[in-house]
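Common to both upcoming complexes is chain A, partnered first by chain B, then by chain C.
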Partner chain A sequence: MSKHSKTEYSLPDYYHYPPLFTIQKVAKTRESQLQVWTDLIINFLEHNHKTSIYVEKEINSPPFCNSKLNRKLKLSDMRLILDHMQKNGYGNWDDDEKTVFSCSWKKLETWATSIYQWATKEGQIGKILTLYDLHSGDAASHTDFHGIDAKLLLKVLDVLEGQGKARVYKDGDVVDEYGVRFFDGTSKQ
Partner chain B sequence: MGFLFGRSNATSSKDSKRRTDELTEKEKAELEVKRQRDRLIKYQKKVKKKKKEPGTLHFTIKAAKEEKKEKTMGCLYNEISAKWSIRSCCEEVVARETEICKQLLKEGKKDKAKLVLRKKKYQQQLLDKAQQQLLNIEQLINNIEFAQMQNEVFKAMREGTDLLQQINSEMSIEEVERLMDETQEAIEHQKVGLF
Partner chain C sequence: MSVEPVRRKAGKKAFGKLKGYILQQASAKETGAQIQEAKIAEMRQSLSTFKEKLEEFARKHKKEINKDPAFRAQFNDMCLKIGVDPLASNKGFWADILGVGDFYYELSVQIVTVCLQTRNVNGGLIDIYELSHKVQEKRSKQSSAVSLDDIKQAISKVKSLGNGFGLITVGDKTMVKSVPVELNRDHSAILGVCSNTACTTVPDIKKNLGWPEHRIKEVLELMLQEGMVWTDDQNDQGKETLYWIPSLWNANASQDSS
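Coming up: the complex of A and B.
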């Protein structure tokens, strides 16, 4: 599996290999095939800053459909791959019918650590911030979570809240306007 | 770590670590000021984007708090759509008249052609007037938006200043002076005590 450079996005060589589009029967091959697909999709998500996949709509476009090869994934196979991604922490299904998949190109835990480290370094512990500030503010402009989707940010902050490192104040409808406060490592109960 | 993505009711086991610190009144005011700053930044970005596209007509209707404001904006919106359709009608008519004129000249009917030309000139005038009014309305909408924004900034600054005054009032001059005197006394005491 070749690594993609961050500056340019190009589909890897194995994308033009027809068997990629048929889920293999042999368990071991299938496992590595699912992993290959996961990496492919994650890179696609990162490059396009996508945070959700509408299964029935997107099955006919890259990367799920390769027009050059005239091959595309079956709907059930696509769901299988996304299930695999959910199991590994890269997203979850929004509905039981499995039509929309909310996803992230990094695990939520990774985002959470990244944000908390930034907060500690920049002395933002104890202060009140808005979500807009976190994803589009000047103070966070050189971080890897700059420009992150607001709903994804909310999920990440929920993780931090569960760890006792943050608290989100959800008043009103506008997600950007929610407040958030980070706490330092020592828990106070 | 897939379980962390679970739906909200699945996180009850983690609740024991969740902090339940509520916001104080001051903190709420501070948060509101920050929200206003964010709105201003978003507005700025929007205006910058509009500047880069001078040819197109952009108009947004902000969710006005008072119903009256909303109705006015709604009327303005209808005006714009009406003028826009007049303009496109006029353009079509002008094009058609030009065609008819050419045809008549070919047939040698000069008088009729002159008539058509005059008609075309009149339509063109209407077109120009509609264009001008469109511009006026667009300007009006922009001014209203800006005034709304300024109003909100004013309110936010009012809240922020009140908060600042409140914080300052907690440290009165007399108390600070008294504290400094007491500290000085204590230090003197200490010096005397050394002998």
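Coming up: the complex of A and C.
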């Protein structure tokens, strides 16, 4: 599709729409704008398999800045957009100062559902697995969560834990070696 | 010989001439009426023959009519000339043999869908080319191609529902409006100023239209509230706030120009 070289990733059309970089004052338009930004960022995360955004470092690079148009987001506006993504379940802030945003191109709940479905189908209920088994193990190599970041995985498992469908054992210093046990959806521990 | 008979003779002759002339005129008139009547009858006949032929033609070329936009436009044109509107309803003979009613019904639904989906961003105003492009994307590969003429036809059908659908002309562009906002002359004038650049500033409008500032701001504010205009505080050519019309903006043009 892209006119550019194959390796170069081109952002969606709206990245080139100049007023996108000015937060709109009219509420209805601002809603639409935040939605466009969410789509833009999700697209960007998926293409680059990114699961965290370092606000102060990335504000000066695409998609938050368009040097060709001479447009960029203000720090406060970028945070406003990421807040909106958090509200919609695409991630959350690592710190109160809002410097690092952990996120992904799918909602945490969507990841959680897909992991739990896999566990049920593969007969993993009741067994203990490591986080490494989930994101890089052979048994899960055909899944859409294969290769996702351990930190993101931990957040997804937190969601399952909240639903009473899993228990995470955070033993040791290595996140990859943390254990997780899935439960039958009906029997809460 | 007296003069009398001569004069009488002459008078008789003149009268005869006049009578002949009157008779001739009357008969011509009568013949004229007759001819006209015959002509009308003939036209009626040929019209009904034409209608029959048109039906026959439609039956025979059903596939082409439904597939080929140019063919369809010509066919519609022919129908309109003899007072048949194959699109007026999806019931009856024309729809039965052609399914044209269905064609436009389906197209109208697709048009309304695209308008609703893009309304968030463009405030309910969209360039007819962009609309057509998006409708085309929506249609499956098997379905027939759609021309601008088809889009206009379908919109004229949707328009009758009275929900704000309509066509407006902005500069050399045709835009489709899908919101029940009454676009007055002032709105159109501002859209006209931006028809090529998709953006403008207050001084720019002032220069082009000669309006006082309060009138400009009032109209812009209304268009902002409707979502037809977005503001841009990062004007790199000056200090003035830029006002963008998303429905006039085109991604390719903006990438090429910078």
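The criterion applied here is as follows: the second predicted complex is superposed on the first by the 178 of 189 C-alpha atoms of A that agree within 3 Å, B and C clash if a C-alpha of one lies under 4 Å from a C-alpha of the other, contacts with A are read in each partner's own complex, and residues count from 1 in each chain.
In the analysis below, contacts are C-beta pairs under 8 Å (C-beta built on N, C-alpha and C of every residue); 3 or more make two chains touch, one makes a residue touch a chain.
What you are looking at is a predicted structure, and each value in this text was computed from that prediction instead of being measured.
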{"item": "Combined model on chain A: chain C and chain B, fit or clash", "value": "fit"}
{"item": "Which superposed partner A:R181 touches (first chain B, second chain C, both, neither)", "value": "first"}
{"item": "Touching partner for A:L40 - first (chain B), second (chain C), both, neither", "value": "neither"}
{"item": "First, second, both or neither for A:L153, with chain B first and chain C second", "value": "neither"}
{"item": "Geometry of the superposed three-chain model: angle at chain A (Cα centres of chain B and chain C, steps of 10 degrees)", "value": "140"}
{"item": "Per-residue contact with chain A, leading partner among chain C and chain B", "value": "B"}
{"item": "First, second, both or neither for A:G89, with chain B first and chain C second", "value": "first"}
{"item": "Partner chain in contact with A:N70 - chain B first, chain C second, else both or neither", "value": "second"}
{"item": "Distance in angstrom between the closest Cα atoms of chain C and chain B, superposition on A", "value": "23"}
{"item": "Footprint overlap on chain A, where chain B in one structure and chain C in the other make contact", "value": "none"}
{"item": "Chain A-touching residues of chain B, taken from the complex the two chains share", "value": "1-2, 4-7, 11, 14-15, 17-21, 23, 27, 30-31, 34-35, 38, 41-42"}
{"item": "In the complex with chain C, residue positions of chain A that touch it", "value": "13-14, 16-19, 21-22, 24-26, 28-29, 31-33, 35-36, 68-72"}
{"item": "For the chain A and chain B complex, residues of the former touching the latter", "value": "86-89, 91-92, 107-109, 128-130, 132-133, 136-137, 155, 158-159, 161-164, 166-167, 169, 176-177, 179, 181, 183, 187-188"}
{"item": "Residue numbers on chain C that touch chain A, as the complex places them", "value": "120-121, 123, 199, 224-225, 227, 230-234, 236, 242, 244, 246, 249, 251, 254-255, 258"}
